[in-house]
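Next up, some structures in structure tokens.
Note that subunit A is present in both complexes that follow, paired respectively with subunit B and with subunit C.
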Partner chain A sequence: MTDLTNLTLSATLKGLENKEFSSVDVTKAYLQKMEDLRRLNAFITETPEHALEMAKASDEHRAKGIAGKLEGAPIAIKDMFCTKGIRTTAASKILSNFVPEFEATTTERLWQAGAVCLGKTNTDEFAMGSSTITSYFGVTHNPHDETRVPGGSSGGSAAAVAAHMCAAATGTETGGSIRHPASFCQISGFKPTYGRCSRYGVVAYASSLDEPGVLARTIEDCAHMIEPMMGYDPKDSTCSKREVPDLVGALDKNIKGMKIGIPKEYTELVPDNWEPALQFLKEQGAELIDVDMPHTEEAGMVYYVISQGEATTNLARYDGARYGVRVEGKTLDEMYMNTRMEGFGQEVRNRMILGTFFTSAKGYNDYFVPAQKMRSLIKQDFDKAFEKVDVLFSPAVPIKPFTIEEAKHGAAKGRFNDNYLMPSCLTGVPAGCANNGLQVIGRMWDDATVLKVLDVVEMMK
Partner chain B sequence: MTYIIKGKTADWEMICGLEVHCEILSNSKVFSGASAEFGGLPNTHVAFLDCGMPGQLPVLNEKCVEQCIKTGFGLNAKINKHSVFDRKNYFYGDLPTGYQITQLFYPIVGEGYVDVTDEDGNIKRIGVERLHLEQDAGKSIHDMHPTQSYLDFNRAGVGLMEIVSKPDIRSPEQAGDYLRKLRSMVRYLGTCDGNMDEGSMRCDINVSVRPVGEEGFRHRVEIKNVNSVKFVMQAIDLEVHRQINLYEQGLDFPQETRLFDAVNMETRAMRSKENALDYRYFPDPDLPPLNLTEEYIENIRVNLPEMPEAKKKRYMESLGLPEYDARILTSDKDTAIYFERALHGGATQRDPKKVANWVMGDLFAALNREYIAIEDSPVRPEDLGSLIDLINDGKISGKIAKEVFEDMFTTGKSAAAIVEEKGLKQVSDTGAIEKMIDEVIAANMDKVAEIKAGKDKLKGWFVGQIMKASQGKVNPGLANQLLEKKLSEV
Partner chain C sequence: MKIDKNTIKEMAFWVRVRIPDEEAEVMAGEFTETLNWIGERLKNPEINTVPPMVSPFDEPITLRKDEVTDGDKVESVLKNAPEGATEEYFSVPKMVE
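Entry: the complex of A and B
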């Protein structure tokens, strides 16, 4: 029998449908792989027993002919999604003992579609980082070179997908946290339009930026994964009532006549496959048009001010009073200080302090308000570009993964690390990274076209 | 005569504004589905959001929005079609998320006013700055354990309307009447139960003083969480005198927050402006701005119940009641409801003045005596109406009616039943009355002679004797009439 973990999600679903193997078979294969590659530290919590129970139930569903869209497919969940009865840590000591009594809307929908939960994947603490080195549960290694980081913050999910420890995984983006590790681990990643996926039950980092999304081996797999996660949820006031389009059906591999914008600010540094990719798109019948995105450079600063400002209040609830880790003190204030000093890692504490400053009476007017204004200008860049073109095309992260040592010495602060990713996070437009490191960004709500173009990009040899 | 305090060095006036927090009457909390009911065992009305679980998001309860708009109309205020929710950040045990969701920059209700009666009986208009929607905190309980505090999140997340007045209040009496008017208004509208004892209406006082004629404002002191009209008036009075006293000794004091201590009758410093908190307000990214349509607001307006001022006007104009009666009867929603139910018996309307007299007289006296709220009155308004009918129909005298009322109040029985049981029905049988008069005249011929000699006053004595003989059941009008006739015949 072939190794079932070598199948893409799409192939796994076909195999299950054709009864070539059962969900229990494929789940066992993944659990074995997880055990074999535990040294990569992709998972914070493995749930093998739970996975086998779900797989058995899935096989019964299939037998009864009531299979959901992801029936029997073993997947991994970034440990930012609250899972009922399964420890959810956000990779932080402060939540290291937290078991939610409720389920995130997006994961609930995945289980309803029949997916099987293998475990919870590692991330930077509270998703703050792009190397998966700030986790309380240790560093995750890049499966392609274990001395290097997998990117982040969804590095555990990316490593698990790349090392075939799951068929697909969920991720979250705030400032590039899906596309960045997808690029570093040579897999596909997609974050839909802000408002497509409910944030209910997702541990908040920066509410106006946080977007649940997916990582998988191909864009087609991403489309299979993301479709059931999307759609209106009355529990999230920022979630859209728009109907969910047929995303898998949109992948018709035809981009003839499509206008693809190349933002010149995103091509300052490009990877080796960049020129061939442009050539390939032209061959596919697309028209390439140069566009200007003049406020790209400012996106990084804007991102830091807004994300840290929001994060500092979102994380205020972790005070040791009601759940999570508590470190006692003589007074209430002392208990807060002890709990938060010990419960949060250095990176989170740094961002809390900066965020507190950015939202202080003085910082608000000097930084937060100007950042919001600049955010509007960045959005205008996109609006203007999309008057001329259907999608934007560029490298995702034009640099090679840095080593764990380099990451510990601030390599992630380099300017080419995430400056092609952040503008699209600030504007909420849909964006994805193909498994060859190239990204496509689309108009608000036009998630289908982004996936369709990415699917073609992945056809390139 | 305005409220001027004669000091040693100057005549002083006070400047005061009130911030009143009203808990919104709604089934569920403002951003979660948990019950908003008062009380309950600790931590039984708590959704995941109300204890600040990760990943929990607020969803606005439309009922609370409606209640704010209604109250806005009650304040004669502008309803803002666009409002925004902000986070007010601070750490405290009973604040589960580390921030309170409120509306700082764009409140749902803008400027309005409340007309109050001042110490001289004049109408004074107190401006309202704004009304905004926010969530309440939970409760910290510090006295159950020597070293630990307990937390109850039942109240955490209940909707609050904060009504902020302009600094237009110039006397403790104005402040008291402002609060009474507000309470009456929210109770009329059913937007808050106005119960200050249970904390569903709470008041923060901002007060400063200055010599009469001085321009601008001096240091202001905030007195937090005062929970009765009486205490608010006392706290202002105390604070005003404290401030004047300090100024007159040539001393200054910091802009600070103080607590009112009703036991020791003093205000005490809580924290000064120098270490005031920076609440780091900013728009809550979990909640989109609240945008209301003209139709939505208009629909709430046309369905508003009649407000006290309009009701008072109607009582005076179409019921012909004096201003005093109309004011008393409309000062409280439940009193007005009682009055109107007693006024109408089926399709007919009773004499408004007579009903008003009964409600404001015997009923109020009995209720006050027994500390019973009018909505819990043992004499139901319909029964009071029937009692009044018995008098009008001449079935019982006004004097007997008072006795019947007391019986009704203690037993809860209807007037007709009591009159029947006790045989109190008025005697209107001319023959029977004539017989009684004959007997009284026969027994008192000496007095008849005195009347004949011109001592007219004695007629009253005769009526009294007849009433006595009949145990008060004789219709006094009839008795008088027949007595005249009989006396002339003697």
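Entry: the complex of A and C
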């Protein structure tokens, strides 16, 4: 029998439907792979027994003819999504004993669609980073070269997908945390329009930026995975009531006549496949149009101010009083202090300290609000570009994964690490990375077109 | 804008973490440099032509009705409470002598 872990999510769903194998078969294959590759440290918590129970239930569903869209497909969940009864840590010591009593809306929908949960994947602590090296549970290794980082913060999910330890995985983006590791691990990643997926039950980092999304081996797989996660949720006031589009159906491999914008600010450094990709898109009948995005350079600075300000506010909740790890103290303040010193890693503590400045009266008026205005100008760049073109096309991360040692010495601070990713996080537009490292960004709510173009980009040899 | 060691230590106190003097000193220097750089970028007069962008969500936010939708979950709420929680209460160090 062929190795079932070599099948894409789409092929797995087809095989399950045609009864070529059962969900228990494919789940067992993935659990074995997870065990064999434990040295990559892609998972924080593995849930093999739970997975097999879910797989059995899925096989029963299929036997009764009531299969959901992902019925029987084994997937992994970034450890930023609260999962009822399964430990959820955000890769932090402070939540290392936290077992949620509730389920995130997006994962709830994945289980309703029939997906099987293999476990919870590693991330930078509270998703703050782009190397997956700040996790309390240790570094995740890039499966293509284990001396290198998988990118981040959804690095555990990306490594698990790339090493065939799951058919697909969830991720979250605040400043590029899905597309970055997707690019570093040579897989596909997609973050939908802000407001498509509920943030309920996702551990909050910076609320005006946080977005749930997916990582998989192909864009078609991403479409299968993200569609059930989308849709209105009364538990998140920034979740849209718009109808969920048919994303898998949108992948018709036809981009003839489509206007694709090439922002010159995104092409300062390009990978080897860039020129051939432009040629390929032209051959497919697309029209390439140069566009200007003059405020691109400001995105990193705006992100720095806004994300840290919002993070300080969100992380105030971890006080050791109600849940999570507590370190005792003689007074209440001392207990807070001891708990937060012991519970948070240094990167998180530093971001909270600096974020305090941006939420103080002076920092707010002189920096936070002006940064929000700059955010509006970045948004205007997108609005103007989308008057002329249907989507934007660029490299995702034009550099190669750095080594774990380089990452520990600040390699992720380089400007080409995430400056092609951040503007689309600040503005909430849908964006994805193809498994060859090239990115497509679309108009607000036009998730379907982004996936359709990315799917064509993946046809390139 | 100059941030000194004491301001860093004060900000650390507001978020209830400690930072040793040496680290605070380094952080103050780096943060001052960063703030000055950001300050320069934010001098761009264009920013006075636009409102601040608070959220990317471009639809009207509708609030739910202010009514109870669940409750009576004391056991569930206390499930993750650190040691010392009693039947109905979280416990914290004594605050009043």
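Definition applied: the second predicted complex is superposed on the first by the 461 of 461 C-alpha atoms of A that agree within 3 Å, B and C clash if a C-alpha of one lies under 4 Å from a C-alpha of the other, contacts with A are read in each partner's own complex, and residues count from 1 in each chain.
Assume a contact is a pair of C-beta atoms (placed from the backbone, for glycine too) under 8 Å apart; a residue touches a chain by one contact, two chains touch by 3 or more.
The structure displayed is predicted, hence computed values, not measured ones.
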Between subunit B and subunit C, more residues of subunit A are touched by C
Q. Taking the superposition as given, does A:F344 touch the first partner, subunit B, the second, subunit C, both, or neither?
A. second
Of the partners subunit B and subunit C, which touch A:Y194 in the superposed model: first, second, both, neither?
-> second
| request: Go through the superposed model and pick first if A:I66 touches only subunit B, second if only subunit C, both, or neither. | output: neither
- request: Please work out whether A:M459 is in contact with subunit B alone, subunit C alone, both, or neither, and reply first, second, both or neither.
  value: neither
Exercise. In the superposed arrangement, does A:S237 touch subunit B (first), subunit C (second), both or neither?
Worked result: both
_Tell me the contact category for A:F98 with respect to subunit B and subunit C: first, second, both or neither._
both
> Which partner does A:T313 reach: the first (subunit B), the second (subunit C), both, or neither?
Replying inline: first
(Q) Contacts for A:E328 in the overlay, against subunit B (first) and subunit C (second): which applies, first, second, both or neither? (A) second
Which superposed partner A:Y336 touches (first subunit B, second subunit C, both, neither):
both
Both subunit B and subunit C touch subunit A at residues 98, 100-101, 208, 234, 237-238, 315-316, 319, 321-323, 332-333, 336, 356, 360
Interface with subunit A, subunit B side, in the complex: residues 48, 51-60, 87, 89, 91-93, 96-99, 149, 151, 278, 280-282, 284-288
In the complex, subunit A touches subunit B at residues 81-82, 88, 90, 95, 98, 100-102, 104, 199-204, 206-208, 234-238, 309-310, 313, 315-319, 321-323, 332-333, 336, 356, 359-361, 364, 368
Subunit A contacts subunit C in the complex at 97-101, 194-195, 208, 234, 237-238, 240-241, 298, 301, 304-305, 312, 315-316, 319-326, 328-337, 340-341, 344, 349-350, 352-357, 360, 366-367, 369-377, 379-380, 426-429, 444
The subunit C residues in contact with subunit A across the complex are 1, 3, 7-8, 11-12, 14-19, 27, 31, 34-35, 37-39, 41-42, 44, 46-48, 50-59, 61-64, 73, 76-77, 79-83, 90, 92-93, 95
